[in-house]
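My structure is below; once you've seen it, I'll send some questions.
Think of it as A, B, C, D, E and F in the order they're written, each chain with its own count starting at 1.
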Amino acid sequence: MFYHEKRLQYFTPPERPDAVYAKKLQELIGGSLGEMTVMMQYLFQGWNCRGPAKYKDMLLDIGTEEIGHVEMLATMVAYLLDKAPIKMQEDAAKDPVVGAVMGGTNPRDVITASMNPQHGIVSGGGAMPADSVGFPWNGRFIVASGNLLADFRSNLHAESQGLLQAVRLYEMTDDLGVKDHLSFMIARDTMHQNQWLAAIEDLQSEGLEETVVPKVARQYEKSEFSYQFWNHSKGEESGQGRWAKGPSMDGRGEFQYVANPQPLGPEPEAPQPDPRLHGTAKTPQASQSSASSAKGEPNVIDRMVEVIDRITPGGQQ
Amino acid sequence: MFYHEKRLQYFTPPERPDAVYAKKLQELIGGSLGEMTVMMQYLFQGWNCRGPAKYKDMLLDIGTEEIGHVEMLATMVAYLLDKAPIKMQEDAAKDPVVGAVMGGTNPRDVITASMNPQHGIVSGGGAMPADSVGFPWNGRFIVASGNLLADFRSNLHAESQGLLQAVRLYEMTDDLGVKDHLSFMIARDTMHQNQWLAAIEDLQSEGLEETVVPKVARQYEKSEFSYQFWNHSKGEESGQGRWAKGPSMDGRGEFQYVANPQPLGPEPEAPQPDPRLHGTAKTPQASQSSASSAKGEPNVIDRMVEVIDRITPGGQQ
Amino acid sequence: MFYHEKRLQYFTPPERPDAVYAKKLQELIGGSLGEMTVMMQYLFQGWNCRGPAKYKDMLLDIGTEEIGHVEMLATMVAYLLDKAPIKMQEDAAKDPVVGAVMGGTNPRDVITASMNPQHGIVSGGGAMPADSVGFPWNGRFIVASGNLLADFRSNLHAESQGLLQAVRLYEMTDDLGVKDHLSFMIARDTMHQNQWLAAIEDLQSEGLEETVVPKVARQYEKSEFSYQFWNHSKGEESGQGRWAKGPSMDGRGEFQYVANPQPLGPEPEAPQPDPRLHGTAKTPQASQSSASSAKGEPNVIDRMVEVIDRITPGGQQ
Amino acid sequence: MFYHEKRLQYFTPPERPDAVYAKKLQELIGGSLGEMTVMMQYLFQGWNCRGPAKYKDMLLDIGTEEIGHVEMLATMVAYLLDKAPIKMQEDAAKDPVVGAVMGGTNPRDVITASMNPQHGIVSGGGAMPADSVGFPWNGRFIVASGNLLADFRSNLHAESQGLLQAVRLYEMTDDLGVKDHLSFMIARDTMHQNQWLAAIEDLQSEGLEETVVPKVARQYEKSEFSYQFWNHSKGEESGQGRWAKGPSMDGRGEFQYVANPQPLGPEPEAPQPDPRLHGTAKTPQASQSSASSAKGEPNVIDRMVEVIDRITPGGQQ
Amino acid sequence: MFYHEKRLQYFTPPERPDAVYAKKLQELIGGSLGEMTVMMQYLFQGWNCRGPAKYKDMLLDIGTEEIGHVEMLATMVAYLLDKAPIKMQEDAAKDPVVGAVMGGTNPRDVITASMNPQHGIVSGGGAMPADSVGFPWNGRFIVASGNLLADFRSNLHAESQGLLQAVRLYEMTDDLGVKDHLSFMIARDTMHQNQWLAAIEDLQSEGLEETVVPKVARQYEKSEFSYQFWNHSKGEESGQGRWAKGPSMDGRGEFQYVANPQPLGPEPEAPQPDPRLHGTAKTPQASQSSASSAKGEPNVIDRMVEVIDRITPGGQQ
Amino acid sequence: MFYHEKRLQYFTPPERPDAVYAKKLQELIGGSLGEMTVMMQYLFQGWNCRGPAKYKDMLLDIGTEEIGHVEMLATMVAYLLDKAPIKMQEDAAKDPVVGAVMGGTNPRDVITASMNPQHGIVSGGGAMPADSVGFPWNGRFIVASGNLLADFRSNLHAESQGLLQAVRLYEMTDDLGVKDHLSFMIARDTMHQNQWLAAIEDLQSEGLEETVVPKVARQYEKSEFSYQFWNHSKGEESGQGRWAKGPSMDGRGEFQYVANPQPLGPEPEAPQPDPRLHGTAKTPQASQSSASSAKGEPNVIDRMVEVIDRITPGGQQ
């Protein structure tokens, strides 16, 4: 269960409205790597966590913090959209003298034509659960697999991309209010990168996971291919990296560089199409209804059905 | 530019058709963490790579390998859908005796009712670029930011989730053909987890990136908040982890546990709504057209426009 | 800013796992009218609210409650997926005797083939931010316009549909645990329908909104069409309703029934296509490059550009 | 079955082309609350209606009218895109003198850079089934539940939001043709708000539905929670509204304000993960294949399967 | 403007309900190649048509017919969902004797577990604007480019795929009502394939379009590559087709088979990353703020800006 | 299996960066008819092909070529985004004199405000798998049905629309580098239109498919409707085309023009709603739980279940 505190975790108002920047800032709210993503990702991971209590609690702590980050950014967008210029100025364009001196445009027109139109028409000056091109946030953006190492690696990646985007946005504005606001969020993202690196270490030191996740994989794999780098292009620049030689990162093998990889499988020879699906076959098929099924060697299911038919009173099919 | 080799990288046909398993296997083709995702992710990262040649080449090598993985799985799905039971058996249901003994169903009916209907109606027995519930693969599944550390962390996460899913699917079947086939893919995913861990090490040893990405973040952050864990819930289980005490992972700070975090920001007090947007204001607004704009202190843009008006022949607005 | 309380708002565990019901229950989590929708809708409406404090506070109260509803349902799904049957039983099918008596299936097979495959492969037994067919929740599901009457009507509708769906799901199970759990949520939805009806009354009694929203509409409308019902089909059953006669609901007009509506506009005669777009024109166009633009009467913008050209040193275009 | 009449329901051509406004107007065509939504929503509600004939007929009348509204707007967009400036003017930028006087831009450039690029590249100057940021209309935008009260509340909400958006767009232009055109549509939306309010009254006066929908809900709900407002935040502004005191709107209870709500449920303690899913458990699990299933108390389904096994010749699993 | 006729274009009720078939039939309603697609595609093409009147009229005729096809199918789905089995039978499963004889399932259970859950929970027994896996119809499914030849080819393709799907569905049922119903729709699809082939011929005989669309392409193309088939794989089976030799279909060239195609372009050498974007560069970049921009040869825009600065009072940047 | 060659199939760098054009060019990469679509469409058709080897090989040849086309365009976008102006110039706006002369804008501002913001924030100057409005590519854009004639018609349409779009983009730029680059792609699209026309001829000359696809359709259709054009609107312009008279294109019938088409079906009379779904019925239903099912004539399934019950020990339901 959750409680709301009316004050924001942190907030500095912008020096002035900026509708074009508001559009860009939406990326941090509803982008595939924005705050809605980490909020939902951490909450679902926490709700689905069956590991030690410290992980579940930690996930829900940070997930709850992130709801507040969406709140901070939504508030910032509302300020940035204040008195947004909604209408293009026809007047300047109509008066050729003004038009010439003004270049036929004025500051408002550039902004008006370039702001997210839904910020005016749909949300009436509020933030939206969408990214900087207006594409809505969706549930496929998050990951919660039940395996904490796989998920913490996803979290580390999300915070890395998120911080990168916050920094890019920081540098796209001169507004000291916005910059101050973002500097708090950047600090939190720094913490969160540190946090997930620490959590990965913690998980491994507890003996819960190993380098390659999930542990069971090594029982199933064709291990002769587990440490080979296949060079799928001409030229061997890719042979110069750490991944191409030396001990593997899991300490169980040695990297090999396969300079000229060859296919190990056959040319696929898929079975002929089922006549009932009217795909194109190798030879013209008599036009026929589905009643007559494809002849040839019967498959496993067909054989099973035949046996069942034989032992069943009345048979069928 | 790319070339195709008709033989598959690896392939073992299934022992028998299995349309329900074909539906599940789609997750590895078009799921948000399936082979289409890593294929497209590595190719776009490669095409967008401006770092040393070894990284670009390596990205395009593995991206090219992954096209072949989609091919292997698409071929496997075609085999699994061979002679898929397309139609429910009405006959059994009509004959109450057979119906009773058979439970009114037969093996085909369970399969028929549960297979992905598009495997029959739309693709005619072929694989689709969609996941196991039929949701189509889309471009928001991939990440290619231009920052290689952020991207390699994403790649490590994708291979971790992908291997986890492949293992789950391996355990969901008894078909030795499918198992053999997957054991090759599991081995490659093991390699690829190792590969991205190695690439991260390589990138840092080249001095190109540091622990927290991007490096510039530490110039912008409010550093007093960069190493604090905020406990947003009652109870302090989350204080027991590596993330709550000791030196931070980037070696630049010390983790702190904030047991009772308090908001640092104000209650937000957004400006009153622009009358032209007809949002609900604190007090009833006279019904008015947009011509009369909101009065009160003019914002920066308004002031600028006024000045421009004054110096412009003819003025405006 | 938000806080988490580890205990759930309400919870009764299910009597037994039920993976097929878990799939259905996802509709209440991530469906277009599920709890994620009302949670996000109320939070965004609250963050965007510029009306009297009581509305903003109320919106954030209920939005915060709804986060807890998502949590309750996500927990329920985790319980329902416990020990879900993941693999179909090939053994029964292989043994024709067992196969016949069992109808070739067993209880697990029906469940296995029909559960949401992502509940096994992707989430590892946890809830997902998606609906009952696996389609992900997305941001276009919510409405937050800044106009409280328009938004409260949306909220009333969402709670009406949500309660209807909860009742349908209540009746689809015999599990007393699930029923008890849902009976709490149904009570809250009853409250919330009452709440939005009350809020609509409150808003109007405060003089902030009128029957037709937004108030300004009546200044702009062609009022001769504001109270007419147009009968677009043969037969006049639609003339028997309250909407076809009597005073209009806003008290400003009288409903009229137009039995044989006729078009008021012309046949559209769109301008001929721009040759640079290579659309098909009424007559064959000479194949030409874009350099030669369409001739004919110049439009307003063209004329404006000409004037600017004339007064500008050096001219252009 | 449907018939087309070539003349439009209403139409006034714009005074001049305006490609940026055409982009905005798309919101009324393909936005989540645009004309395609109401058209499809009313048609599907009508096709799915099993109530008295007057409702079905009325739904199909208005749904058919709305097809014509999409037609009117699509025609308007084609006019607004006439002779759209498709290419930015490099010439001005190349000549520094002109560039300076012109601000390096000219009227066309602002328009060209800000119009929806698909209006040129994809539709060749025609309308698209998408909203003002280019996001396509989709079927999840509509609601048709079979319950007319729930659906009519959705319709009332859709017309409220739709009219609000039409008014905002009316105020964003000075083009008298567009304004006249929209004034007709605004009048129809006024009618349609009145119509749905009347239809709701009609439905209740027929005794078909009550205040809270569906009626059966009150049999299932935990009624002690059916009239409580829970205050999930600090401060009690939300206690001042109609929803917090007095008789409930359905006349069956009394609103109560719960100032300090406490959780009623336990801390969730989800079952330990199924080893076959390789989620992280509370304690390290031996790396094992899926063959050995999780031990512990068997669940209901397991027990049932055991019994079946015992009575079945040959047994299984 | 449109009118509705209450009678359906054609209709035969099904012999019996079949909820699983109803799920499949959704493909013809809301699939990417279903009736909603052709309906919307033809209407938008008609509204956007600027060619001779006969084409525009024909497009709107067939688009209007297709609205009626959606209506027919939506009605059929409502019939098929009549008395759909909504709840799984726990009783059989609980009684081990019945459970064994029944295979633990009964006919209803297979249907219940496999039907589209939204047909019960969301639409209450009605059709939905979605496909057979529940994915919603969306506006990107349609094509309306303004060029009639390009669009008619799209229409021919849509009717070909649509007929193929209708035939597959015809063969998936034994219900004589459904079969009769579909036989009408199959006849119409036959007409519509004929119609688009005729329309393509008509368009070319009017001199409006040529074989390769758009005509202007041949002015722009590097014609030495306009008739070459590039063999991108080992083996030359692809050399045996009509596309590899003989005169080209447009009569302007001769097909050539390039057996060993070689790249004509260079290895791409993208410019080094902008330091403000913090992508990974070839060599470690000093950690720096965005103020210091990338040095090196200035690009065209930079040079232009410099000149403007020099001639402008006060300069800038 | 696939190989990569580092050199591009063809490439000419742009003369200068152009971030607004880069946004437009995305349509050719990730648009519904862009290169990702044809790449994926041909690959999936090839993997799913069960016809003669020459078709499968040809499909995989062209699919492999198209991967390289995505590569070429992604590289072009990276060049066009070089040194993209990321930040609006506040300085000009602040200085009223400069602001006036400059029109308050400068060339960078128009570009900055109009570029795709994700090109800066998300991809760091690289291409994205999305279209020109930022909507992501998705798997529903492709078609692969197993029937080669249906699919080749889709391919012909895709190349027709793709070439049309490439030509429009060719004409939207003056950059000679971009133009040269596109002239190669236009040539390939010319080839590919020719290729699919040839492949269609080839398929028919091999006797594999006929004019109407699939062949079996003519066995199922109500043939009296197979050659009728229905005039769904007033006026008979649509009677003037080739589709309205003369022999049908498949040579099996004669086109007929039905000037006043009448419905052939009844008014639909759907069964009354299942009380368990709480839809609105014709008459008020007693508020009841789901236990009491709808009475009236039992349907087929009900009757079957009754019989089963009678013969089953213990009965049920």
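One rule holds for everything that comes next: a contact is a pair of C-beta atoms (placed from the backbone, for glycine too) under 8 Å apart; a residue touches a chain by one contact, two chains touch by 3 or more.
Note that the structure is predicted; figures quoted are calculated from it, not measured.
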Each chain counted as touching subunit C and subunit F at once:
A, B, D, E
Subunit E-subunit F contact: same residues or different, taking over half shared as same?
same
Pick the pair from B-F, A-E or C-F whose contact list overlaps the D-E contact list by over half.
B-F
With centres defined as the mean C-alpha position, give me the subunit A-subunit D separation in Å.
23
When centres are defined as mean Cα positions, the distance from subunit C to subunit D in whole Å is 3
Can you list every residue of subunit B that touches 2 or more other chains, as numbers and ranges?
1-9, 33, 47-48, 55, 57, 60-61, 64-65, 75, 78, 86-87, 93, 97, 99-107, 110-111, 113-114, 120, 122, 124-125, 130, 133-136, 138, 140, 145-147, 149, 164, 167-168, 171, 214, 216, 218, 232-233, 235, 263, 265, 268, 270-271, 273, 276-279, 289-290, 301, 304, 308, 312
Is the chain-to-chain touch network here best called a line, a ring, a star, complete, or other?
complete
Residue positions on subunit E within touch of subunit A in the complex are 164, 167-168, 171, 276-278, 289-290
Touching residues on subunit F, where the partner in the complex is subunit B
1-9, 30, 36, 40, 43-44, 47-48, 57, 60-61, 63-65, 67-68, 70-71, 74-75, 78, 93-94, 96-97, 99-100, 104, 122-130, 136-140, 142, 144-147, 301, 304, 307-308, 311-312
Footprint of subunit E on subunit C - complex, ascending
20-21, 23-24, 27, 31, 33, 101-107, 110-111, 113-114, 131-135, 164-165, 168-169, 171-174, 232-235, 263, 265, 268, 270-273, 277-282, 284, 287-289
Provide the residue numbers of subunit C that touch subunit B in the complex, in ascending order.
1-6, 47-52, 55, 86-88, 90, 93, 99-105, 109-110, 112-114, 116-118, 120-122, 124, 130, 133-136, 145-149, 203, 206-209, 214-216, 219
